[in-house]
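In what follows, a single structure is set out as structure tokens and then discussed.
Per-chain numbering from 1; labels A, B, C and D assigned in written order.
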Amino acid sequence: MRGGSFALLLALAMPAHAERARDLGIPFEGTPGKLNAITDVPGVEVGQVTLVSGEGPLVVGKGPVRSGVTAIFPRGRADGRPVYGGHFDLNGNGEMTGIAYMQDFGVIYGPIGISNTNAIGQVYAGIQQWSQRRFGHAGFPVVAETWDGWLNDIEGFHITSETAIAALEAAKGGPVAEGAVGGGTGMQCFGFKGGIGTASRRVKIADKNYTVGVLVQCNTGDRAVLRIAGVPVGREIGQRWIPCYDPRLAPADKQPRCSGEARAGHMPGDRGSIIIIVGTDAPLMPVQLGRVAKRAAMGLARLGSYSGNGSGDLIAAFSTAAAEPNHPDQAAPTPIAPVPSAAIDGLFEATVEATEEAIVNALTAARTMTGADGYRLFALPHDELRAIMKRYGRLEGPAR
Amino acid sequence: MRGGSFALLLALAMPAHAERARDLGIPFEGTPGKLNAITDVPGVEVGQVTLVSGEGPLVVGKGPVRSGVTAIFPRGRADGRPVYGGHFDLNGNGEMTGIAYMQDFGVIYGPIGISNTNAIGQVYAGIQQWSQRRFGHAGFPVVAETWDGWLNDIEGFHITSETAIAALEAAKGGPVAEGAVGGGTGMQCFGFKGGIGTASRRVKIADKNYTVGVLVQCNTGDRAVLRIAGVPVGREIGQRWIPCYDPRLAPADKQPRCSGEARAGHMPGDRGSIIIIVGTDAPLMPVQLGRVAKRAAMGLARLGSYSGNGSGDLIAAFSTAAAEPNHPDQAAPTPIAPVPSAAIDGLFEATVEATEEAIVNALTAARTMTGADGYRLFALPHDELRAIMKRYGRLEGPAR
Amino acid sequence: MRGGSFALLLALAMPAHAERARDLGIPFEGTPGKLNAITDVPGVEVGQVTLVSGEGPLVVGKGPVRSGVTAIFPRGRADGRPVYGGHFDLNGNGEMTGIAYMQDFGVIYGPIGISNTNAIGQVYAGIQQWSQRRFGHAGFPVVAETWDGWLNDIEGFHITSETAIAALEAAKGGPVAEGAVGGGTGMQCFGFKGGIGTASRRVKIADKNYTVGVLVQCNTGDRAVLRIAGVPVGREIGQRWIPCYDPRLAPADKQPRCSGEARAGHMPGDRGSIIIIVGTDAPLMPVQLGRVAKRAAMGLARLGSYSGNGSGDLIAAFSTAAAEPNHPDQAAPTPIAPVPSAAIDGLFEATVEATEEAIVNALTAARTMTGADGYRLFALPHDELRAIMKRYGRLEGPAR
Amino acid sequence: MRGGSFALLLALAMPAHAERARDLGIPFEGTPGKLNAITDVPGVEVGQVTLVSGEGPLVVGKGPVRSGVTAIFPRGRADGRPVYGGHFDLNGNGEMTGIAYMQDFGVIYGPIGISNTNAIGQVYAGIQQWSQRRFGHAGFPVVAETWDGWLNDIEGFHITSETAIAALEAAKGGPVAEGAVGGGTGMQCFGFKGGIGTASRRVKIADKNYTVGVLVQCNTGDRAVLRIAGVPVGREIGQRWIPCYDPRLAPADKQPRCSGEARAGHMPGDRGSIIIIVGTDAPLMPVQLGRVAKRAAMGLARLGSYSGNGSGDLIAAFSTAAAEPNHPDQAAPTPIAPVPSAAIDGLFEATVEATEEAIVNALTAARTMTGADGYRLFALPHDELRAIMKRYGRLEGPAR
């Protein structure tokens, strides 16, 4: 399949507001930025490549392929300077590279790449090659992953360094496609089709306006505990719409099987993972960005998650306010007047809120997808969601 | 005031089920232990000393006093052996001693003490003195704090090592008093009267039954974001019942002032702190207990918290299954067959759930209290709470 | 004994250069400051209280007492503002408070206190009381300890909050007394009499001059591995001058016994602990101070240490360049233009060198001391040391 | 050059004792295992691939190539089960993958790969591909790097996933080639030719014999501070034998230039990095392995290192005693009776000693190498080294 003729679909800018959670009437706190996306943070650019090809039985190395790469540039594609960064490891059943550099230097060095578990190496290689050519240094990029092996032939290693470079080249500001795109293409979120989601919040600190933006690749979550805006949506939907295999395509041991109408079965617990990237233009020191990263975990917790053992829940946060003074060529450091700790609460609250909304956006944006062995991941049904929210007095906003 | 005649009230076993959250119909997930308390974990003992004396204007060193100490023995008062432990620093605006020992040895060495911020030293001293006499070694106890200076003359340093020792001596199994008792006496939780809360969950792993118990000292939380069982209770109650100063007693700059009927005003953001102690009899290695500790932060997040800058949110977790083999006298280690990581999810979920419930218990158990300068912290009004929960379709359980 | 009539000796400014390592011809790298002490860092003040009273058999609560407190003010006694700080836990068999605050805020909040293991609580209490009175906030002080129970009646808890306050009040700039003074009074270092040691280095970064100062309380070390300036001094001295008990005073099971001339016996391995405090006036962010703290561990390693299990080896580092902007009253943060990482090596090297020299200074400054049960800790014999250094071609400096 | 005809040299088992430090009379403490190599730890296998091709001017993508891959299997190539592991980040100017998994699970999952900075991605990809095929899961391998861009066309990205797989396939027990082999091929250590070095120690704990083995890839170190067995070798050799460029091949700005006899010049400070892998068959919990990892940093410190800013000094440690019970298929955990902390000192001391010796072995084993632009890295001259050691009374062992 590698080198074959499958379609490399550069994600088009989808009508970004069509299927977003707040358009469905889900209530959230706080004031989003213009796009309600991580790209509301000035300078942030996102590039995504989506690989969707083949259908039918899984043949390792052949497909079907449901995967991709999402790339994030904290200061845009043209700026190779590192930024201050911090991280938080909520549950380390996953990979995030660049941790030592974040830990000791408080710096994210290069674009960030997110893809599937078996693509870490190729995405790392692609980013280093591209950065070396562009900026003369390869850096220690932050590359993270979640596992898409339900829908995708992950053992076929279809993501290459070229896929990663294409994602880097596609980076731009503006609306960010959500759902089954980029690194999120094959992902499963609380037992529904998931993937990429984003959101942002405006924060005013001492008369200055800042933005906090979050992008998630959601592949985590136990259906049974899913809360949306506090409502026990997972319990209400229960075992309906659970993922299933096409009985005509999948080996007999792959359960449950899809039937004509029954979509009931036993939904497994918390599997998969979530990667959360937080960006802001507020000037923050590394130690403060580590604190911001911890708040993203609290946003995930609002969804009811207990961060299951199988879930690699890893978070990185960056501030675009200062370019890091580490590079040897730079004679002088960029001075930084960090947000005083006593004024940081707005950024914390924004991070929690934007993370919560970004995850719900990943759920509402994604559409039902069928992949390897006819495995089908259903989209969270919007009408049911709205009906449940209404029943619990939590439906807001304009009727559709 | 120190050495004076104020009452040292050994906390009596209150009717522990009278004002607990689930008795009010608040819904929670999971199956609690018999007492729904940390003492459901076999061997765990809790001792509390409550200091309430004086009223009227604050006179530093004189009072009024609204404070105390809560002590927790992982393996009971008679067992001086350390246990495996882990910790998590969600927001380090506070003190928890014993961190280096937890970090490097994975061990909690001695009883745990919780009190007010300015009592750290005296509680530490008291535990060491007591442990030295009892067990021949002073240990490196875990002592943690939250700030009760609204209600209490905290600058008067009324807690002494003797207060701490009295708490140790009072330790016992059975029901745990909640609300304004022990270290929680003067605490404020989401702008209501808070303090001590506890809860537990039963977990079955491979045919074995374990218990996870949580005890919190809740002095944290921004009223505006308070969610209970997912319901935006804080937003609904808004600025009613906010804490206020008695205008006849307090200096003019202390705001807001209590008035005959108005209890409205501007509620400040997230201040104070929360200490969370998690115990279990499941055999866990230190690295696993650190992971459990992180889940307690997710329980706090369910309340809507963003762990504000001013809040010292510190968590320790222990397993009673193995006594630590570190002490020099011990020739051989206690072998440990830890719960396999792949089976640990039940403990994670239990920790999140029990933490959530313990915090709500701290709120529902506490009664309105008036302290220094006539500062009044109102109890979360149960009827309003029930009405709100009902409005959002989240009231469960038997009618009272 | 507490409240009794033993002598509270305020440490006099000893002739600070009399017995220092480099005066004995021990070679070190780098350029020390004027005093070769942590007080070369502008603003740093050190106060020490030394308690020496009683002799003869140990009677718990009576004595003999060989202990004390050493206090360090990063910005002097008159300045209550916190400073940026970082820490490193090389071996967590000990206590250092304030870790959560250093971890999350990158700040040391209050004066630093060092004493014996069982004095943690009282020193913490004393610092909080003093800070509350002086500055209106108690802070989360860094209090650390090492165990002096060989020479000292440590179980008698002779250090009180008043002892700590006396150390705070004694703080001043200028020469720092070394050896058996302050918190180091009863300490044992590589099987010799140890205690307090200090040293400093000058560092030039981009035409600016900075100072790195180190103060250690050395109670650690396995005699067998002791290297001084790379020379295997411990192996050369071997089992001579090992600590011993007076056979007329000590119970029979306390070994080895001092004899008329034999001072040979079996020296135990690495016990005790070391606390290392690093200060600098170079502007460093918290993340950089954590890195500096790790270099102090490398200085210890030069002595041959393997940081034994029984040794609590804990390090804190601070920068006096910026007052921390955290306190609520402070509207605006202090801007910080940190040393660029690419220029930080001089500070790292200075930290390693000054730590190495401070430990040797603790050894050379201390004099033979006899304490509880007639336990005698011999000073590292200067003549033997010089002879060994000469034999290995490592004796430098003027002849005495 | 990629895909070209350069020689892929599978490292032959060199006469492993020919040029080792202790054969030159350098004194070390402790008792090595039979091979004095990491492979003395039962089950450990090492595979190395060395790429040496081309000479002359650097042409990016063409060469010259001086690089390779070193792979380590904790339990041998046939055993895909993860092992308990820990890590320590001494200076995070580098990449080590797998940190989140080590941090939270205390586990190293898959073979370990070490190569050059720009090969991280390809080595990661190669290990995942190989592991997926062999064991059915790709794991989260520990992949680490140091920068060989002085001798090697590192920007040409000559290491591919196939190179990594060849190193995995070459893994075996027995003697380990040292010096300019495998990942260490192009490395520079204290300004001399460096690379791979290894050593081991025997440790007896409670009548059981264990082995600690260390493997380093040494590319770090400031010549000026180099100490060998405590002797200031770097200062003695000074600026002789410093690396230089062939004036006929290198651009004029590359300094210093090699001249007929002068090898003097200005040696830069601490650049490059060091990766240290520690293995043992002693049963250790993850928290204990993290402590072991910190001791490796103390071994590096004995060489005089201050872990310069430019040096990525990263350490991982594993225990082969227990296979990790995490994998979902495994119903029951492997019970572990860890070494009691009170008996762990022998392992700490062994780690310090073996790390010190492994680094010196990397120096003594390597031979002078010339690479890109005629850059020449001189071997540490054995005769000079012996002469210096003798002058300082530190030459031991049989004359050669």
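Please note the rule applied: contacts are C-beta pairs under 8 Å (C-beta built on N, C-alpha and C of every residue); 3 or more make two chains touch, one makes a residue touch a chain.
For clarity, every value in this text was computed on a predicted model and none was experimentally measured.
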item: Identity of the chain that, by mean CA position, is farthest from subunit C; value: A
item: Between B-C and A-C, the pair with more C-beta contacts; value: B-C
item: Centre-to-centre distance between subunit C and subunit B (centres being mean Cα positions), rounded to whole Å; value: 36
item: Length of the line joining the C-alpha centres of subunit A and subunit C, rounded to whole Å; value: 48
item: Contacts with 2+ other chains: residues of subunit B; value: 91, 104-105, 291, 310, 328, 341-342
item: Parts of subunit B lying in touch with subunit D, wherever the complex brings them together; value: 104-106, 206, 285-287, 290-291, 324-328, 330-333, 335-342
item: In the complex with subunit A, residue positions of subunit D that touch it; value: 89, 91-105, 117-118, 120-129, 132, 138, 140, 155, 157, 161, 310, 312, 314, 328
item: Subunit A - residues contacting subunit B, complex; value: 29, 90-91, 225, 227, 229-232, 269-270, 291, 294-295, 297-302, 304-310, 341-342, 344-345, 348-349, 351-352, 391-394
